[in-house]
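Two complexes follow with chain A in common, the first pairing it with chain B and the second with chain C.
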Partner chain A sequence: MAANKPRTTSFSRNFSAASSTAPQAPGLKHGPNGTMFLSSGIPDLDKILGGGFALGSLVMVMEDPEAPHHMLLLRNFMSQGLVHHQPLIYASSAKDPRGFLGTLPNPMVPKDDKSRVHETEQEKGLRIAWQYKKYFGEHNSESQRDGKSEYCSDFDLRKPLERHFFSGQRIDCVSLKESADLATFQENCSSFLSQTPRDTGNIAGGRIAIQSLCSPQCEFSNKDWEMLSFVRSLKSLVRLSNAVAVITFAPSLVSTAFSKRLQHLADTLVSVKAIPDEDKELAKLLTGYQDMVGLLSVHKVARINTQVPAILEATTFSMKLQKRRSLILECLNQAPVDGSNGTSYASSGSCSGSSKTGGALDF
Partner chain B sequence: MAEWICRTLRDGGLEGEHAPALTINDTITCPLGSFVFDHFLSQLSSFIFCQKSQSNGIVLVALSRSPLYYEQLLKSKGFDLVTSSTWFKILDCYTDPLGWRSKLVESGSIRNLSSGSSLAVNICKNVKDLDELLSSILELGRELSGGGKGRFTVAIDSVSALLRHTSVSSVASLVSNLRSHDQVSSLFWLLHLDMHETRGTAALEYMSSMKATIEPMVQSVDGPRGNSENLSLMEQNLRRGKFCVRVKRRNGRVRMMFEEFYVEKSGIKFTPLSSENEMTAQSLVPKVQFNLELSEKERNDRAKVVLPFEHQGNGKTIQIYDGRKSLNDGKAETQPTSVQKVDSNRGEIIYFRDSDDEMPDSDEDPDDDLDI
Partner chain C sequence: MANALPSTLLDEALDGKGAAVFSTSPAADGRMILVEDCVETSGAFVVHHLLKRCLSPHSSDVVVFLSFAHPFSHYDRVLRKMGCNLSVQRDNKRLMFLDMLMVERLGRDRGKTSEDVFIALYGEIQKAVEVCLSHEVGQPITVIIDDVSLMEVDANGSSNLVLDFLHYCYSLAAQFGCSLITLNHDDVYSNEDRPGLLLQLEYLADVVIKVEPLATGLATDVHGQLTVSNKGIHDGSGKSRNKVHNFHFRIKDSSVEYFYPGSKT
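Moving on, here comes the complex of A and B:
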């Protein structure tokens, strides 16, 4: 097309070599401002964050002590790394962290996806105007690619990750239970990261997953400054070495001042919240309450190499397990209430419906 | 709902899962936690005695009350003390928690160390060493479960007493070790909330799967001041209270249940809550700026607003006050409209016609003037 049309302006698009070739690894993709993204393992979350987790960023997840949703996020994150053969280091306060690897989900078999598409079209009680149906079709067809080269796989939470993904991988599991302080773990991380290649020709993208950093069983849990300086040094290590670190912590276990400091250190900050069970008020307020397991709020999105902030249309999403298999995030469909102090990014009320593609529609 | 909790503790945890853990919290305003603890202990004992539960026995870590008290409790509930050692064992951390009495016995100042109870007790002499405490608990549990196969329940009389002697992280680590141990079927403990910093209580809440809080029925406004109404309120709070439970379910939702309870001579009675309480579900969900629901007052006001149409639909043609007519001319005419306006003193729509000269629906096409 460009060859036929005469140039109307003196500017021409310069397809430089770097952006035209896809990155060697299927698990990475180019983002704006010279950043690269790797997938979080949850397609909806990638869309919300504008592509995924930026390489070199520190992601912090604020847990709710009453719900295990942060484990869902961690599981998808770790599985995605293993599927894309990215090196992984996992730390938790359990005696045997290797056991957690047994709970990682397997990518969904493509057969199941097709049936999902048909059902979405039939199940929809909404009557979609004809001109919008074509956009729905596009969304679905985009994700129906060959499973191997997909940037973000759909994970089936009921099936454990197949053995062949674990072989030939750099997977380190560290237990933080017996350590009196975080110094040894910090050394572990720096040696792990020094082994991930840094030159642009051969980026693999390393993943660090730390579960429940402030959990009270660890001796260092009352040494707030130590934990803070550990996170700070990890952030700088990660920034230098093209990796992504996901740390979960429960804000109620540290004092509010330290919780705030930890939140400020994060490049991307997300929190999960439990919802009350069998609550009639909430059932009236939200549609699809029966399928919801929790709420996910995005507080900050990493912006590397740019000063422009990311303004999201909606910051709170409901977490649902579709057919108890895959995790989807949806905008809240809530009945309008007294909007006395609503933010200017109020959650979009009715437009997204119960779309399986989640998020907002692009018109 | 207390029944529900007892059943959950009785059924225990599944293979490979952490054991359910209940924390009973109370405060000085309603210090009935120990009664609730005794209630759960006796309920579980009856389940275990009738062999209806997953666990074969209870290991009780007695820190704030002596084994003698528990002996009397069991006797009052009708259990036979002689055979109780097959399913009920006490780790006595009350008689000599720091080992001082045994030092005195060694030096000859006092004669013996027994607690005076006929129950099978193991005495713990160093409460500060939680690893040793853990191994003593597990050893007692092994004796109960017949060495290996069976499971047992652990009850800790007061974690507050443990927190006095050791750090939060070691107590949390003890609890998590117990929860993750294969042979422990369920676990419950008592905690006095106002005796510790928020960090300690938050850590224990984090480690538990069910949280039962005892709150006073009516909060007294002035606190511990001694005027007459306060005293009667305080007295009431020593006999009855509200029992609020938050359960963390496997699917990640939180179930909340409320009940009232009365402490009587024979024990505790739980009754469903008499007054409904408001759930603030709206605090979880972000606020939206639209308000599509009108209150009664708003609906009335809406009905009273005069619409700026020429025909109001009630058989009369009403002229809307037109700002361009001079007052002298239109006085007679504007009288009726001004009367109309006075009625609707809340909602007014002021409508100025665009052009007075133009008849509505004129044949002219204003676009004819354009010259393209």
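Moving on, here comes the complex of A and C:
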């Protein structure tokens, strides 16, 4: 991958220091404009965002108030950090946030990975021309597979993270329920972040995960400005350190103006939405509808050290659970407008996902 | 010829059509420019453009930059790609960069209220302005604020405090001929029935630059549209009129392309 090559631009001052420590920090990768990426824990999301979450950026996830899809993102993000031995802070409004660590997914064993590659080989015969876009990136993804095991793992959502990943790690779990304001947590964060300062050669990359910031269980949930100023100071702290903060919040629980302000504060902004179970219209419109668990939209991609906006090919992606195990994101494929018989297209549309035999004939 | 800045549609819209001198500061004679953007399309590039114009070798402006949004390194990298070295300008005393990401924390530690912080901040600006004016060559001064909505967060939601601060800055314009460039996000206020701060800013501003995404969605070659409403254009008869320009833009690392809708092949 390009990230492993030494850079020869005039901005290479920091890279020499970084590349010497690179073996100790497999979870990091160089990005454009002198930024570094760490993985979101979802290979497809990394690809969409152009490499992952930029170090020093604040990522906001807008929740669907009725579905826990943001937890999928958080879990993978945290697991990936633990796999890379990166320090982690997790805060939520639950009484016992440490319990959440038990639900983190385990990286997939390489054996499964092979079978997945094998499977796509088998399915080559099933390709249909109008889905050609899906196959553009395939060669890249396969050549990346060797590097990927280092930078971004595939996670098996059914298996809990193995115990040895937790040992000897810095994991702070904070419950926001008891604290009356965010000041103590902010101090937590700043002491945490002071251990991963920007200017030292030792780049490790810390992770901060905050679940449901504005949830009504917290005492401070009606103090909009306090939360905003917390997010703002967190942002400025994170910017000056080698860490990424992921905050999820439910926009429906707060006022529009407040939610907009939070969205402006975010460097990377993503929203997740569940899809209704039996939405016949949507099922007709999109292929592979049966396998989708939700939709993910990317609203903003972090623009650090540059003014050029990132224009993505698509902003909305379907979240699918492949073999009920690993989370994948796919471009939405619109079924061809063919009123007479859409079924055959729909069943072939899921050829890269897990097509349940016969399941496609539901409608 | 070679060292004349190429004028863009944005410059023309700011200065009025056919303005002869582009080398002067974008906000000459104590003008106030307000840039409004939204979540979908950031207006930061307009601020970068104006900053670059202020610091161009043709003008003798001094810039006081109040950054609430990004650290210095970010602007330094961005402007360097545009051909303007902020570190050198800072050493030449043409740029005074106030990194509010740091100052804010300093203020908090000492248990200051946000009002104290703002008063101290204004004091710094005023001092800078007076120092500049004490030189024999009166250098025009531009104050740039990026961005006002974060200032409100620092003021703990007291928009009156922010307004006071902005009024003080504005009065500097009247007193010393400084100009003021501010960035704000207008979608934040879209649901308030009386967005006092935004209305006040729009009233004070001589030029309002609105940055919006295309109504038709994202495109790779058109990043959005700009609406520049210029209140201060005087035609020959001595009347001033409101002039609105509307065009599309595409942001690149080194520059921004501006063009009229549909005129790009």
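General remarks:
Everything below uses one rule, namely that the second predicted complex is superposed on the first by the 279 of 363 C-alpha atoms of A that agree within 3 Å, B and C clash if a C-alpha of one lies under 4 Å from a C-alpha of the other, contacts with A are read in each partner's own complex, and residues count from 1 in each chain.
Please note the rule applied: a contact is a pair of C-beta atoms (placed from the backbone, for glycine too) under 8 Å apart; a residue touches a chain by one contact, two chains touch by 3 or more.
All values derive from a computational prediction rather than experimental measurement.
By the document's definition of touching, of the two partners only chain B reaches A:Ala67; chain C does not. In the superposition on chain A, contact of A:Gly34 is made with chain C only, not with chain B. In the superposed model, A:Leu332 lies in contact with chain B only, and not with chain C.
In the superposition on chain A, A:Ala250 makes contact with chain B only, while chain C stays out of contact range. Shared-chain residue A:Thr315: touches chain B and chain C both.
Chain A is touched at more residues by one of its partners, and among chain B and chain C that partner is B. Look at A:Pro216: by the touch rule set out above, it reaches chain B but stays clear of chain C. Residue overlap on chain A between the chain B contacts of one complex and the chain C contacts of the other covers 255, 315.
The touching residues of chain A, when paired with chain B in their complex, are 65-69, 93-95, 177, 215-219, 221-222, 250, 252-255, 273-279, 281-282, 285-286, 293-295, 315-316, 332, 334-343, 346-347, 349.
Those residues of chain B lying in contact with chain A across their complex are 167-169, 172-173, 176, 180, 199, 202-203, 205-207, 246, 248-249, 251-256, 279, 281-282, 284-293.
Those residues of chain A that touch chain C in the shared complex are 33-34, 224-226, 228-229, 232-233, 236, 239-240, 255-257, 260-261, 263-265, 269, 299-300, 303-309, 311-312, 315.
Per the touch definition, chain C reaches chain A in the complex via residues 39-42, 44-45, 48, 70-71, 73-74, 77-78, 81, 101-102, 104-105, 108, 149-150, 153-154, 156-157, 185, 187-192, 218-220, 223, 251-253.
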